[in-house]
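For reference, the structure I am asking about is given below.
Chain nomenclature is as follows: A, B, C and D, assigned in order of appearance, with residue numbering initiated at 1 for each chain independently.
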Amino acid sequence: MPLLPDHLIAGYRNFITGRYVSESDHYRSLAREGQAPETMIIACCDSRTAPETVFDAGPGELFVLRNVANLIPPYEPDGEYHSTSAALEFAVQSLKVKNIVVMGHGRCGGIKAALSHNSAVPLSPGDFIGKWMSLISPAADTVAASTMMTTGERATALERISIRYSIANLRTFPCIKILEDKGKLALHGAWFDVSTGELWAMNKATGDFERPEIG
Amino acid sequence: MPLLPDHLIAGYRNFITGRYVSESDHYRSLAREGQAPETMIIACCDSRTAPETVFDAGPGELFVLRNVANLIPPYEPDGEYHSTSAALEFAVQSLKVKNIVVMGHGRCGGIKAALSHNSAVPLSPGDFIGKWMSLISPAADTVAASTMMTTGERATALERISIRYSIANLRTFPCIKILEDKGKLALHGAWFDVSTGELWAMNKATGDFERPEIG
Amino acid sequence: MPLLPDHLIAGYRNFITGRYVSESDHYRSLAREGQAPETMIIACCDSRTAPETVFDAGPGELFVLRNVANLIPPYEPDGEYHSTSAALEFAVQSLKVKNIVVMGHGRCGGIKAALSHNSAVPLSPGDFIGKWMSLISPAADTVAASTMMTTGERATALERISIRYSIANLRTFPCIKILEDKGKLALHGAWFDVSTGELWAMNKATGDFERPEIG
Amino acid sequence: MPLLPDHLIAGYRNFITGRYVSESDHYRSLAREGQAPETMIIACCDSRTAPETVFDAGPGELFVLRNVANLIPPYEPDGEYHSTSAALEFAVQSLKVKNIVVMGHGRCGGIKAALSHNSAVPLSPGDFIGKWMSLISPAADTVAASTMMTTGERATALERISIRYSIANLRTFPCIKILEDKGKLALHGAWFDVSTGELWAMNKATGDFERPEIG
C-alpha cells in the first residue's frame, strides 16, 4: 500500500517544486518566529470551500477551524473535549487574533441534514451528524416548516441563520465578549456561493448578507 | 466597520478575478453535482499548514476537518456535540471517501501545550486547550519525562505519537474499522515540516515516518 | 591459507593501480611531512558509515577514532587503557586539530543493544557490549520506557542523545574545554542516515539535528 | 558557527551527488537487511590509512575499529568500558565476521610515542597516550635499546611487533580462540606503507611481513 494516495503525492510534488520554492524564506521565518495570524476563520469541512482558496491566503495568514456546517457550540465551561472551544481559546488567548470570521456556504450537506432530521435515517447508529446539527434544530424546524420557501431558499436561510447563531455563541465566551466590547476583536459572518463564486458578508447592524465592495 | 477584514477582501478579489475565472465551470459543476472528494484530511488549525496548500488541492478534492493538533477522540456513541465524530460520519457514510489522512505538523502549539500542561497556567478559566489536549496526556507525560531529548525532539515525538493515536481512534469507529478491513477505506498518517516544507508519511507496518518518493 | 582475504586483495589492487597512482605525490608528501588533519571524527565501527566515504575524504584529511556507537567516556585521569582518551589527547595536543565531530548513524547495533540491555542475553560471558553501552544506560532506560514511540523512533532518539552525551563528555577533558572556550577548537555532532544517505548535523544552540545546506 | 566544517560539507556534497546516487539501492538494502560484513579491521586513527581507502571498500564491507596504533588489549573479563573488547564481541558474536585483520602502518605516531616514552614529556597531565601505549612498553623498551637500528627501522620493527602482539591478544578472547581453532575465523596482520602505498601482510607461519601477490 502506498504511503499516501497518489493524488496527494502529485499535489505535494507541485507544492514543493513550485509554491514552496518561492516562499521558502517565508516558511522558514514562520517556523522560526511562530505563527501570528490576524484572522481566525471557522469554516465547513466541505471540499469546495477551503478558506485559503477563497481568500487566496498564504501560509501564516489564517488560523482555521473546520467542522461540519461551521458551527460554534455555546460556551460550556464544564464540558469535555470541546474541539471548537479549544480552537477559540487558542486563537484568542494565545495568538490574539483580531478577527473571527464564521464562513458558511451554499449547498451545505450539514444544513441539508439539519433540515431533514425529523424524517431522515441516521447515517450510523451513533447519529453523530444528527447530534451535532441538533445545535441548530430549533431554527431548522422553523425553517423546515416554511413550506412556501423552495428547498434552495430554506437551505440558504438556515445557512445564514446558523452563521448568526454561531456568532451569537461566540459572544457567550467571556473573553471574546470582553475583547469585542473593547474593540480589540471583530466578529464577522461570510457566506460563499459555491456555484457562482460569490462571497456575501454579514452586515453587523442588520444581520443581512450583502456583497462587499471588492474594489 | 468594514464587512470583512481588508486582507480577506483583497484575497477574495484575487480569487474571483483569477483562479475562479479559470475554474468557474468546475465550481458550477461541483455545485450542481455535489462534492465527491476521495480523501478526507484531519489537519491542525495552524495557519501554516493548510492541506489545500501543501497538497496543491483544487475545489472538490479534499474534505477537511481542522481542529487544534488534528486529534480524533475515541468513538463515544453516547457523547454529545462531537464535531470530529460528525465530520467522520459524514465523510465515510455520506461521501464514502476512500482515504482518511491524519496530518500533523512540526512546531504545533497544541502539542507544545500538552507537553507543558503540568506546569503551564491555563489560557482561560475554562482551560479548553488543557481539556482538549488531555486526550493525549498519558503520552505527553511520558514524552515530557524524556529530558535527554531536546525540546524540539520531544515535540516531534509527541506530534507523531498523536497521529498514531488518532489513527488508532479512527479504528474504534465501527464503520471505519469495517471498511478498512474490507479494503474500501485506507487510513494514513502524514507530518508536515513547516520549516523545510518536507512531508513525512507514516509507514503503516512500523508506524515510523519517512519521506515518500515524489517522483 | 591466503595472506589476506580475497576481497581485500582485490580492493587493494584497485587502490594501488587506481587512486594511488593519481595521489602518489600526495601520499609521499604526507609520509615525508607527517599528517596534519584539521578534523578528528569519532565514528561507529559500522561497516556502512565510514567517514572517509560519507565525507569523500582524501588521505591526510580525517583523524578517525571508531568504536561501537561512537561513544566518548568521560575524562578519567586515573583510568587505564583508555583508547578513546588516548586518541583525543593525540588529536588535540599533538595534531592540534581544529574540529572534533562525533558522528552517529541510524540503525546502530550498539544503540539497539543499549535499548534492550535489560532484557537481552549478553553476547558473551564478558558482556563487553553491555559494559560499554552502559555508559549511556540512564538515557537508554528513559528512552526504552517511551513505549508510545516506535522502535525506530526510540533508536533515533537514543542515537542523537548519545551524540550529545559524547560531546558533553568531550568538554570534561580540560584541554578540550579550554581550547573550545578560546575558539581554537570546535565540537560538532552529525548523524548519518544509512538508508537515505542523508546527513544531519547538530545545531549547537538547541542540540537538535537538522540537515545542513550543502549548496 | 557553521553546522559542520566546510571541508566536510563539500565532501558530503560529493558523496550524496556522486557515489550515493549510484549506490543508493545498496544503501537502502543495507539499511533494511542490516550489515553483514565478512571482515573486521582494526586500524589506526591515522588520517593517511583509512582501510576503506586502502582496500577500496564499499558500504557494508568492513567493520572497522580504529584506535591509536591499532592495539588490542588482552582479554580482561572484569574490566570496564573496554571499547576494543566491545567491538570484538560485537563483530564476532553478533555479526559473525570470518576475518579479523590487524592493520598497522608506517610512520605511526603512537609507535613513535612508545619508543620515546622514557624521555618524552606527556602530552597532557592524564598522559593517556603514555598509558595506552604502555600496553607494548616491554617490546618498545627492547626495540628502543637496539641503537644500531636506525630510527626508521626501530619504528617499523615495533609497528610489526605490535601487530603480532595484538593478534596474540585476540587469541586471549575465548570465543576468538575457539572459532579460529574450528576454522571459522581467520586472524591476519597487515602493514601499510604510507609513502609507497605498499601493503605488506603477515605470514602466519613465520610472523614475517611480505608483499602479497595481487594478480
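Here is the rule we use: a residue touches a chain if its C-beta (ideal position, glycine included) is under 8 Å from a C-beta of that chain, and two chains touch if they have at least 3 such contacts.
Which protein is which chain? UniProt says A, B, C, D = Carbonic anhydrase.
Remember, it's a predicted structure, so these values are computed and weren't measured experimentally.
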Contact-graph distance - origin chain B, target chain D: 2
Copies chain C and chain B - interface residue numbers shared by over half, same or different: same
Centroid-based (C-alpha) most distant chain relative to chain D: A
Rounded Å distance, chain A centre to chain B centre (Cα mean): 15
Distance between the centres, which are taken as Cα means, of chain C and chain A, whole angstrom: 53
Rounded Å distance, chain B centre to chain C centre (Cα mean): 39
Between chain D and chain A, distance of the C-alpha-averaged centres to the nearest whole Å: 67
Sites on chain A at which at least two other chains make contact: none
Arrangement of touching chains [line / ring / star / complete / other]: line
Pairs of chains, among all present, that meet the touch criterion: A-B, B-C, C-D
Partner chain B, residues of chain A touching it in the complex: 1-5, 7-9, 11-16, 18-20, 24, 27-28, 30-32, 34-35, 37-40, 45-48, 50, 52-57, 59-68, 71, 73, 75, 77, 79-91, 93-94, 98-99, 101, 106-107, 109-110, 113, 123-126, 128-129, 131-133, 135, 174-175, 186, 188, 190, 193-199, 201-204, 210, 212-215
Interface residues, chain B side, partner chain C - complex: 139, 142-143, 145-153, 157, 160-161, 164-165, 196, 206-208, 211
